[in-house]
Structures are given as C-alpha cells and as structure tokens.
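Note that the chains take the letters A, B, C and D in the order they are written out, and that residue 1 is the start of every chain.
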Amino acid sequence: MEQSVPVVELKGITKRFPGIVANDDISLELRKGEIHALLGENGAGKSTLMSILFGLYQPDEGEIRVNGKQVKIDGAGKAIELGIGMVHQHFKLVQPFTVAENIVLGVEPVRGLSIHLKQANERVRELSARYGLKVDPLVKVEDITVGMQQRVEILKTLYRGAEILIFDEPTAVLTVQEIQELMQILRQLAGEGKSIILITHKLKEIMEVSDRVTIIRRGKVVGSVRTAETNESQLAEMMVGRRVSFQLEKEKREPGPVVLEVEGLTVAGGERGTHAVDEVSLTIRAGEILGLAGVDGNGQHELVEALTGLRPALSGKIALNGTDITRLPTRARIEAGISSIPEDRQKHGLVLDFTLSENMILGTSERNRFFPGGFLNEKEIDTYAKKLVEEFDVRSAGVQSRARSLSGGNQQKAIIARELERHPQLLVAVQPTRGLDIGAIEFVHERLMQARSEGKAILLISYELDELYKLSDRIQVISGGRIMGEVNPELDEDDDKIGLMMAGQASKDQGGGAA
Amino acid sequence: GKKANNEGASSPSASASPSESAAPSEPASPSASEPASPSAGGTKKVGMVTDLGGVHDKSFNQQAWEALQKLEKDDGASVKYQESKKDSDYIPFLSNFVKDGYDLTWGIGFLFQEAATTVAKQNPNAKFALIDTSVDLPNVESVLFKENEGSFLVGVVAGLTTKSNKIGFVGGMKLPVIQKFEAGFKAGVAAVNPDAKVTVNYVGDFNKPDLGKLAAATMYDAGNDIIFIAAGGSGNGVFTEAKQRFKAGKKVWVIGVDKDQSLEFGNDVTLTSMMKKVDEAVYKVSKEVLNGQFQGGKTVELGLAEGGVGLPKDNPNVSAEILKKVDEYSQKIVSGDIKVPTAP
Amino acid sequence: MAMLADLINSTLVFSAALIFAALGGVFSERSGVFNIGLEGMMTGGAFAAAIGTYYMQDAGGEGASPWIGVLCGIAAGTLFALLHAYATVSVKADQTIVGVVINILALAITLYLVKFMFEGAGDTPLLDATFAKVAIPGLADIPFIGQALFNNYPTTYLAYVLVPLSAYLLFRTPFGLRLRAVGEHPGAADTVGINVTKYRYVGVLISGALAGLGGATIVLTTTSNFSHNTISGQGFIAIAALIFGRWNPYGVFGAAFFFGLAQALRNFITQFDFAAHIPNEFLYMLPYVLTLLVLAGVVGSVRGPSAAGQPYDPSKR
Amino acid sequence: MLLGGFDPIAAYGALIRKVFGTSYDIGETMLTITPILFTGLAVGFAFRAGVFNIGADGQYIIGMTAATFVGIKIHLPAFLHAPLAVLVGMLCGGLWGALCGYLKAYRGVHEVISAIMLNWIALYLSTFLLMKFLVAEGQQKTPNIDETASLSIGWLSKAMGGARMDWGIWIGLICVGLFYILLWRTKQGYDLRAVGFNADAARAAGINVKTTFIKTMMISGMFAGLGGVFSVLGVFHYQVASGASEGYGFDGIAVALLGGNHPVGILFGAILFGVLTYGSAGMNFDANVPTEIVRIVIGSIIFFVASHGIITKLLKPLLNRRAANKRKGASADGNAG
C-alpha cells in the first residue's frame, strides 16, 4: 500500500460523557483505499469515536479533516454529504419496511410525487449484483436473517455513494461463510479506492484483511501499527494491557447420564407454512457441551424457546432427567433446572431499569428465600447479589446501580452469574460471547468449562465455529429446522464438512444465502 | 373525557356540565365586588346555587338567574350565583351563601333535596327555596311543576298538526322527570288523534347534540314530521337537523321545551314550546322574602291552573283552530275533568 | 332498502368528525408521538370554527363563512398541536402527560374565551351559516348508493378525499416513508440524515389540523354552536378508532364507520315496536359492546409504531 | 391570571382563605382530594406494569354501584355491613379492571380501546341496575343506604364545622402505603415491575405476563373502585342514576403522571389538584375569578412539571458540570454492547 493523502484525519478528538472520558485526545489517519482496523476492549471508545466521525455526537475538543479540508460534521446528513457511510454496531433498520425501502430511505427516487418503487428495486438489484451482496429488495427486514440485514446496511451506505465506510463490529453476528464473504467484499471495496474503518474484536479478521491497526485503551490511542508488522498476541497484549491466553484446557471426561432428551420436536413459526423446528431429536448428558452450529435463522431461536417454555411444541417430546416437561410453563422448567443465557441480553436477559440486585434474582427458583412470606427481603437479595458480583467480577458502581448503566460485557457477566448460580441441570447458552472483547470472552469460556466440569449439561448455540470447536464435546448442525448431522470437534477439524451441512440446506432456503 | 353529569335532570333541558366547565365569569354582576355584609338593615341579598347545568343552561338555571337579575334591577336586591361542578359541591356552596349572610338561598334542581335538608337543618335561621324538589322544613320553601300538563297541550298541537301521523319524542335520559313529559305528551296526542303513533327515543345523555341529531335524522327519515324534545343540550342537535332539512326544502317541526325556543331557533322549524316558568316562580318567591312574607315549610306545585306551565303567548305556526282546541283541553285539565298521567 | 341508505347516510354524518380526528392520530403516532390530546385539539377546533363562522357571518360573508370556520378550526387545532409538539419533541416531555394537559387546557381556555367574548354566556350564539347537505349531481341519482353516499355534507366528501390522500401520502411518497421511519426507528432515520425533530413536528401538527377539522365538522354540521359539551368524548373514540383501524387510513375509515353505524343502528332500532321492550341502557351500550366484541373476537392483537411514545434522544442508546 | 385581568393577589388570597380558612373548608378540601387520590393511585399502579388504565372512570362507577347495592339491599350490623360494602365495591371495581386486563392478555385488545368502551358500558350498566332494582318510581336517585353501612365520621364532621368527613381520605392514605409495599416490597410487585419495564425479559424469567396484567388491572381497579365506594358510603349515602361520569378517572391520569406514578407523588398531586379545585370555588365566590382560570392554572402546572426539560434546557451547562462532578469516581462504564 503506497502512501497517499489521508482522506480522513481526526486530530485530538476528546469526548466526555458524564463521569467518563470516552475519547481522550484521539488522533487517527485514514488513507485512501486503506482498510484501517480499530481495536479495543468493550467500552474503550471505538463506537463513540466513529459516531463523532459520522456526526451523531459532537466532539468536545479536536478537529476533523476530510480530504484535507477541516469540516464540522453536525449530523448524519452532513456525513453522508461528505461521502461517509456507517454500518452500525446495532443495526439501524426499520423492521416493517422492505429491504429496498430501507436502502433508499432519505434519498428516494421519485416519479411525480410518488416514490418510484420500481426504480428503487432495480437500483438495489444492480448494486447487490455488483458487490455480490445478495438481498431480495421486496422482503421485509423483519423477515430476514441478521446476516442479510448486515448486507442491507452495507448496501445502504453504498447506495448513498459513500467513499469512506465505517464498519462497527460487522462480524459479531455473522456465520463463518458470511464473514468470509464480508472480507471479500471489504477487499473489493478497498480495491475500488474506498477507504474503510473496521472495528472488530476478532484478531484473525484484522490480520486477514486490514492494512493498519490502531489500538485504543480507555479512550486513548495506545498505538498504531502496520498489520504486516504485527501478530495476534502482540495486538491482544496492546489492547488488554496484559498477556491473554488463547488456549483453553478442555479436560477429557466421561459424560454422565442423559440430562436432556428431545424427541421429534416440531415447532411452528417457519416461513410459508414450514415448521421452524422440524422433527428435531437430540440428547445431552451431564458434563457435556453440545454445540449447535448453523446459520442464524435456521430454527435456533424457536428451538431454544421451545426448550425454555416460551413457545409451545406442536409435537414431539422434551424430557429433563427423564421427566416429560413438554407442556410445562417456563416457571416450572426453571424450577426443574433449566437455565438459559439468551441471545439478546438486553431484551430477554435483563430488566435494564432494575438494579443489579433485582436482576440477580430474576427468575430465581429460590423465591421463598428472597421473598419470605411473599415479601421482599432486600438484605438477603443484596447480599446474594454482592456475592455473585464479586465472584463473577461484574463491574458496576454497586449492586444498587441500574443494569442499564453497565457495559455490555458486564451485563453479560451478570446474566452468566445469575444463571450459573442457580445450579442448573441444563444450561442453554445462545451466543454467550456476542460482542464481547477478548478478555471477557476468555472469562465466559472459562466459566462454561467450569460448569461442564461440575457436571452440567450445556447446549451451546453459536454462529462462530471457532467457539464451538473450542468448547464443544460434540457439534450438531441445524439447517432449515432439521439436524443435518454431527461432527466431532476432536477428530474432525475441517470446516468444509460442517460448512456443507450448514449450506447444503441453505441453498434450498432462499433466505439463507450462505451457499 | 366524559362529562360529569350526575345531576338531577329535574328539567328536560337540565344540561349537565363537565367538572371542567362553566363557572360565572360575570364581571358585570354588581354584587360581586361588594364585601359580605349582614343584610340586617341595608340591601337584601339573594343567592342561588345551580346544579351541574350551570347558569347558562338555557333552562331552569338560566331562568332562575334571569329572575334574580330582574329582582336586582326592579327591587334593588343584591344577587349572586355559584355554579356546581360536581354533586359534592351542593352542600359547601349552599353553606357559602349562608355564611355570607344571605337572606335567601336558592337550590335549583332535583338533586338539592339532600343537600338542602342538611344545610337547612344546620342553619335553622337561614332561608332556602328549591326548584323541582321539596323539603319539609320550616325554613325551606319548595316549588314543583306539573310538566305533564303542559306536555299534554303540546301533544294536542302535535296530534292536530301532523300530516304523516307519525310523531317523535326525543328524551335526554329515561328518568322519571323526563318521563312526565313523555306521558303527558302521548296522552295529549292520543286525545286528539288516536291514529297518530308516537315513537320514543331516549338518547341517553343531556349533553350530546350529535346523538340528538342522529336521533332526529332517523325519525325524520322514517316519516315523523314533528319531534318534541326534552333532552337538554342534546336537543340542539334535533333543532340543527330540522333546520337543515328546512333549508333543503323539507318541512319538519320541532316542539321546544322549558322556554319559548323559537326565540333562539327561529320560527322556521319551531312549532311551539312547552314552557316551564321557573323565572316567574323564582321572582315571586324571592320578592316575598324581600317583603318579609317567606312561606317556609310550604311546597307549591305549579301546573296549568297556576300558570306554571303552558304554551308561549305567540304561536305563529299554530293555527287558531288548534289553539282553540288547546284552550279547551287546558280548561278541562284545570277543572280536573282530565287527569294527565305522570308516567307513560 | 331506502331505510338502509338513510342509515348509511346518517352514519357518515356521525363518522366524519371521528375519521378526521383519527386520521390526525395516524399521522402523529406514525411519526412516533402519542396523541391523547386529540380531544382537546378537537375542542379547540370546534371553538374556533364557531367563532370564525360567527364573525364571518356577522361581516356578511354568509356563504363562505362555514369554510372560514373550517379554516379557523384547523388553525386552532394546529396551535394546540404546536404546544404538544414543542413539549414532546423539543423538550421531550412525557407524551401521555402532555396529551392530558392539552385536554384540560383546551377545554378551560375555550370556555374562558367564550365567556369572555359573549358576556359570560356558557356557549356561543347559534350559527345560521352552517353546512347544508349537498347532493352531488349525477352520483346522487344512483339508486341506493346516491342516497347512502352522495347526499351529504361537504365535510363528509372531504373525508372521502382525505382518507385515500392520507394513505397515498403515508405509503407512496418519500414524505410518508420518512415519517413512518421516524416513528418506527428514529435512530435509523437519523443516521440517514432525516431530521427526526422536523418530521415529528409535522406529524403532530397535521394531527392537530385534522383534529381541529374534526371539531369544526361537529360544530358546522351537528351542533351549530360551541359549548362545553360540544366535544364530549369523541376524541377518545377517535383514539379507539385509530387503534382499531391499525394506524392505517383505510382501517381508520372502517373503524369510524363501524362505530358510527353502531350508533346509528341503535337509533334505528327505536323505530320498531320491539325496541320498547329493550331497556334503554342496553341500546346505549350497543355501540361500545359491539366494538369490544369485534375487537376481542376478530381483530386480535395490534401493534403500533414501535417508537411511539418515546422521545428521541440520539445520545441515549 | 394577570392576563385575564384579575388581581392575582386577591385571587390567591381568596384561594388560600377558602382552603385553609376554616376547619370546615379544610374538611371539604379533603373531600375533594379523596376521589382523585384513589383514581390517581389506580392509574399510577397500572402504569408501573406498563398498562395505561384510562378506565378508572368505569371502575369507579362499578365500585360505587356495588357498594350502593350492598348498602341498601343487605342488612347487617354496622361492624359487618360497612366493611362488606367496602369489600364488595372494591372487588367489583377490581373485576371491572381485571376484565380490561383479561382482554389485553388473552384477546389482544389494546387496553386503551377496551377501557374507553368499558367506561361507557359501566356507566349505562350502572344506570340500568340502579333504575331497575333500587330507584323508586318517580325518583332518580336511590334511597339512602342503611345507617349501618355509612362510613361518615360524625364526630369529626362536628369538629370540622359540619364538613362531610368520612373514612375515605384515611383509607386513601393507607392505600398510598399499600401501593408502595405492594410494588416495592412484595413478590407480586417485583413481578409487576419487571413486566412493566421489560415484558420479554419477565416472560423469559418465568413470570406469567398475562396473569400479571390481569392482577395489575384487578388491583388498579380496586383502587378506583374504592374511590366510588367512599363517595357513596362516606359522602352521599345514595347514588344518582346519571348519564355521564364525574370524570375522576381522567383527573386521575393527570394526578398519577404529575406524581411520577409514585404513591407519595400521587398523594401530593392529588392534594395540589384538590386544593386548587376546591380553592377555585373560593376564588370564584370571593374574587370573582372564573373557575376555568383554575383549570388553566392546573394544566399549566402539570405542563411545566412534565416539561421540566424546558428548565433543564436553560440550565443545561450548569447541570452538566454538576452531574459530572457528582459522578466522578463512580466506575459506571456505560451500557456497552
């Protein structure tokens, strides 16, 4: 990569939020045609910095230059005008709108006074063909997978003719295939002369695709290096400030008796009359982690909801320790020993406006302990919460602070603490490390392995094969609501077989597109 | 929201007002700024408390207030009113006047019975008068009306005027007082035109002109050519519908209530009105108090004989013939030859 | 058959005001702002329509005066909406509270003004120059349909126009797309450069204008004057119609029509002798019970615009 | 006030005199506060579970009607009669609320619509029942309830210069405490708040969201019903068959929101509302200020309380600095994720 003019220069950017300096005198240069990675722990200030560049926040200090000219970006509109596009960490899509409507929103082609929908669809098709971003312009966003939504977000920026693209953790929710596709696309875009800032926690991706890396810790830049001149462990160390072990000790152990037995489970909810979960059978034994691989949107949600009692089974049977629980409500299943770490921690895992204490007893099976005689025992609850917080290193201003005020990683730790402390027979963990930084991931993985050692049965659902391989005793693949087969992570380390199983079905499914 | 209307509806047009509403902003009221003074030697003071309809209800509250204003002008009394906004206001408001040393306090409407009893017992030296309800205490005089008798007469007019032999009655709420109107009216129609059919529709609210209009539209569409209303504010809707039909070239009639409503709605559609002369009663009783002739403990009932109810003086839309019939029946009622029912 | 045509005809008179107000609600809530204040905005509109028409007819403008009244009504509704928008959008006050406040203020202010302007009277004088029914040449002669649909007040025809127009605006134009985006996901709209504040203001102002038009309609077709009880609950029924109609102009039309029909039906029934045997209160309940039954039985759960009710704060995640 | 051309000092003087002038007025002011305190609690309680109870009006009416029936039709010694009437009235109000909750939970009917419809239905149902079973021929109101069902406090009335005093306001105060305890000190309250904040998470935690809605609306309706109960048993001793409600349910919304849906806040909201309302009669009587002015004042106060943002906006720089200082050292690291 030859030295060229910086398209974006951030100089001395400082942004304070009440009680915290999110960005502290940050400077950064983005060159034309470059992929510039931004690395940092949860809460380091990456999103904040990008929000400033995209005009969503105003910096307290510092200046921004685009193409050599100093600019004031006082809104997203201005950023778009300057050719900046951003794919946000949390997608900014209007769920009930179609893909095309989302893409053209704000710059709609018109005929007379009306939106020229046909033209919009056409343009979306063109763009999508050109960059290999497969989407159907006519379906509603609420009906498509996360991977597809991501493509819509990218198309949105391209449609607006962005030359500078910001990707805030684009791969956190993607499958292996999707990530590969995305890397491909990033390279293509850079090749076309577009400049890209990429935020990701995955060092492998950085090494693979970026030209340069800037590392941020606690709001400050700790270094900026050429990717070619560094390696994963150096990056990790710069980011966390200490050595990180990537190795996880998975002790060999004989699985115990069967804990969960699912037989021919069928659950409603698929598109066009199909079943979201179709005749699924699986067993998990004590002390065993069963990994479930698959592209998002292939029945994982529905399967989990059926297991936890949030969605009724059409047919089939679920047994826990030999007892049929198919018709039991959620409450009873919790009592019977099912814990779960939900995929969306803010929506299903926590009551953000409750205190940390209150969240720690959410769904507890020991109601009589915390509510003797139906009345709340605040002391007992606080003591309990404090113990958990300490044990699981949940960082907050105290157990009386609102869950909302915690960082994502700490929110996740709180949920894990709560669910594990319940001493479940079965733990259903969905994407337990989604969006977490390496340090936090390490922690979660250790805890899961520890639960396994304690003889708990764990169903681990993840879109990240690395994680599955690392943790699972067995991996099964789900596609189109059916179990396609099983791989042994010890013997069978090749992605191809599993990829085929995930994709073999996916090619039939118009929505998946992971072929 | 829905309007407060826990009211007596002791008169057909007892339009109730919402708790948010209607209060006197009567900067013109001369008594207003005067300090409270015991009336021992000087000006006599007469007060009144309205029911929820408020002083501008185009009905008995307004009539009573007009009477007091006349009293002020003609007889130099000092007068003042207070508008109730909820049922629980009656007692404190009556008490306000007592405490302020008023010589007479009026309670206007059916629902003052309890309140007046309580306050009159608490203040045996104060004087009270009531419209539409009666309390048997030595310091209270009560005035009642025989609405059924007046309604009978307009029934006669309707029975003789109708061409389609279909007549409507629109009531506010199906309450005994309003049913007195209905009963008298039906009896009057039946007396002169047994073939005519009276359709009854209680709209369920004294405050909903839109319902009144809808009711009227339905009746007129079905061929009724005269509607007698006893529905308070909802009656406005009936008049509106009639006027619009008149403008569109269709002849329909409304019979008004309480006051001569042709004065307000014009002669195009107002056939006649069933008047209830609250104003005269209030003036007369108040005057007696000024003259020191208060008849506490008495209940007067005003019917045709006493001139308390009846048709307006001028009825340009009613033929002389019919008016003659009306007179005949009036005499029969006064003489007792005809007993007008009070319930349908 | 003629009876049925009459029934539909009356229904449309009754429903027109509801349609306007509920349509207003559609715009406001689609932009993400609850509007419990429809009742108050209707009150403001009714008051201004009465006053405007009154002074216009005084000034000799008989023919034009109801239209002036309509304009005044729209203006007054918009004015209250401006207050609503300022508080909810700019200051981010709680939308429900502000709506309740608008209801309290509108009634108190209008009554106060009426008393002030008419020497203490509780209501405005009766208007001579109100709308009259107009038969649409040609269409009105079609048997049944003519009487049912095309022999009505100008405001009813306006409703015929505004419903598809609103639907067009909302679902076919860039304006509508953006407005709905703001109501569903203001963050998404903001990041594509749409001014959330502006669109919410517009949504709320349109709702005020339409609610004001609704209030004006009641005065100019039904009551002929303004008093404290001119608007008594219609704003709330409009909210019900808005939800019942699923925030969709055609749905709103259907819901308002259904409600009007239930009201008309209950009057219609009184024409028959058997009605005398039904306790009156049951007839009064009919429209409400019918609505409830239909909702409970047929319609099922509804989902409004996702972001409705929440002030948009870009710095809040 | 000035704008209206009235002397504000005289007007407020009259207001204060009216409310605090005599023990009679203090008593009557308490009477004005009572019903809106109850409906305010009702609305606020439901809000906590994420339900907008616009139907307190109907629940009030049903509670009142039920209490009237027990008060008139059943004859019992006082120590049983009054409590029974209170209980039945409260339960019926609660059931009316629960019906709304049921329709929301199991039939998916938006609570705002069903509550508006149920308000009207309650009104007419009540009128029907009263007219059919209680009101005598030629009357519009019921006979008085039995003396044994009365909840007026005679000696207190005497002490308060004849003002109508009853148990309502005292039970209302107890309800303020109950509201707090129920919501923040019990298991049910915990569930209810969880549902109110995040129904999805509550469901995932095994809380039965549907029954929580119903229970919430039941309790909310009970509060509103109590308001109606005391208006009959404590104040009037009879009930009027009427065509419209008193509108206390709608004032309750304002009171609840004014009080931030917190019981103590609601109490203060109700007091403010009650004082202004009762006092407005004094302003009206003594200083000739139209009562509309008071409604405008009430509306404006709520407006400014709700829009504290206006003030915040003006003071923003100052506040920011203070907040920053306060939070310094706190290790809250935001809500990443």
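Quick note on the criterion: a residue touches a chain if its C-beta (ideal position, glycine included) is under 8 Å from a C-beta of that chain, and two chains touch if they have at least 3 such contacts.
If you want to know which protein each chain is, UniProt gives these names: A = ABC transporter ATP-binding protein; C, D = ABC transporter permease.
Worth saying up front: this structure is predicted, and the values here are computed from it rather than measured.
The interface with the greater number of C-beta contacts, when A-C is set against B-D, is B-D. In terms of the distance between Cα centroids, chain C is separated most widely from A. Our note on geometry: chain A versus chain C, Cα centroid distance of 45 Å, whole angstroms. In this assembly, the C-alpha centroid of chain B lies 34 Å from the C-alpha centroid of chain D. Between the Cα centres of chain A and chain B there is a gap of 74 Å.
In this assembly, the C-alpha centroid of chain B lies 34 Å from the C-alpha centroid of chain C. Touching of two or more other chains is recorded for residues 1-3, 18, 20-22, 24-27, 174, 204-205, 207 of chain B. Under the contact definition stated at the top, the residues of chain C that touch 2 or more other chains are 103-104, 107-108, 111-112, 115, 232, 236, 280-281, 284, 317. Counting only residues that touch two or more partner chains, chain A has none. Under the contact rule stated at the top, the pairs of chains that touch are A-C, A-D, B-C, B-D, C-D. Residues of chain D that touch chain B in their complex: 24-25, 28, 31-32, 57, 119-120, 123-124, 127, 131, 137-141, 162-164, 231, 235-238, 240-247, 249-251, 280-281, 284-285, 288-292, 295.
Every residue of chain A that touches chain C in the complex is listed here, in rising order: 54, 56-57, 75-81, 86, 88, 90, 92-97, 101-102, 105-108, 110, 113-115, 156, 160. Residues 1-10, 16, 18-27, 29, 32-33, 82-83, 85-89, 91-93, 95-96, 100, 110-111, 114, 122, 172-177, 204-207, 342-343 of chain B touch chain D in their complex. In the complex of the two chains, the chain C residues touching chain B come out as 3, 6-7, 9-10, 13-14, 17, 39, 103-104, 107-108, 111-112, 115-116, 119-123, 126, 130, 132-133, 218, 221-225, 227-230, 232-234, 236, 263-264, 267-268, 270-271, 276, 280-281, 283-284. Residues 16-20, 22, 42-43, 308-310, 329-334, 340, 342, 345-354, 358, 362-363, 367, 371, 374-376, 395-397, 401, 404-412, 435 of chain A are the ones that touch chain D when the two sit in their complex.
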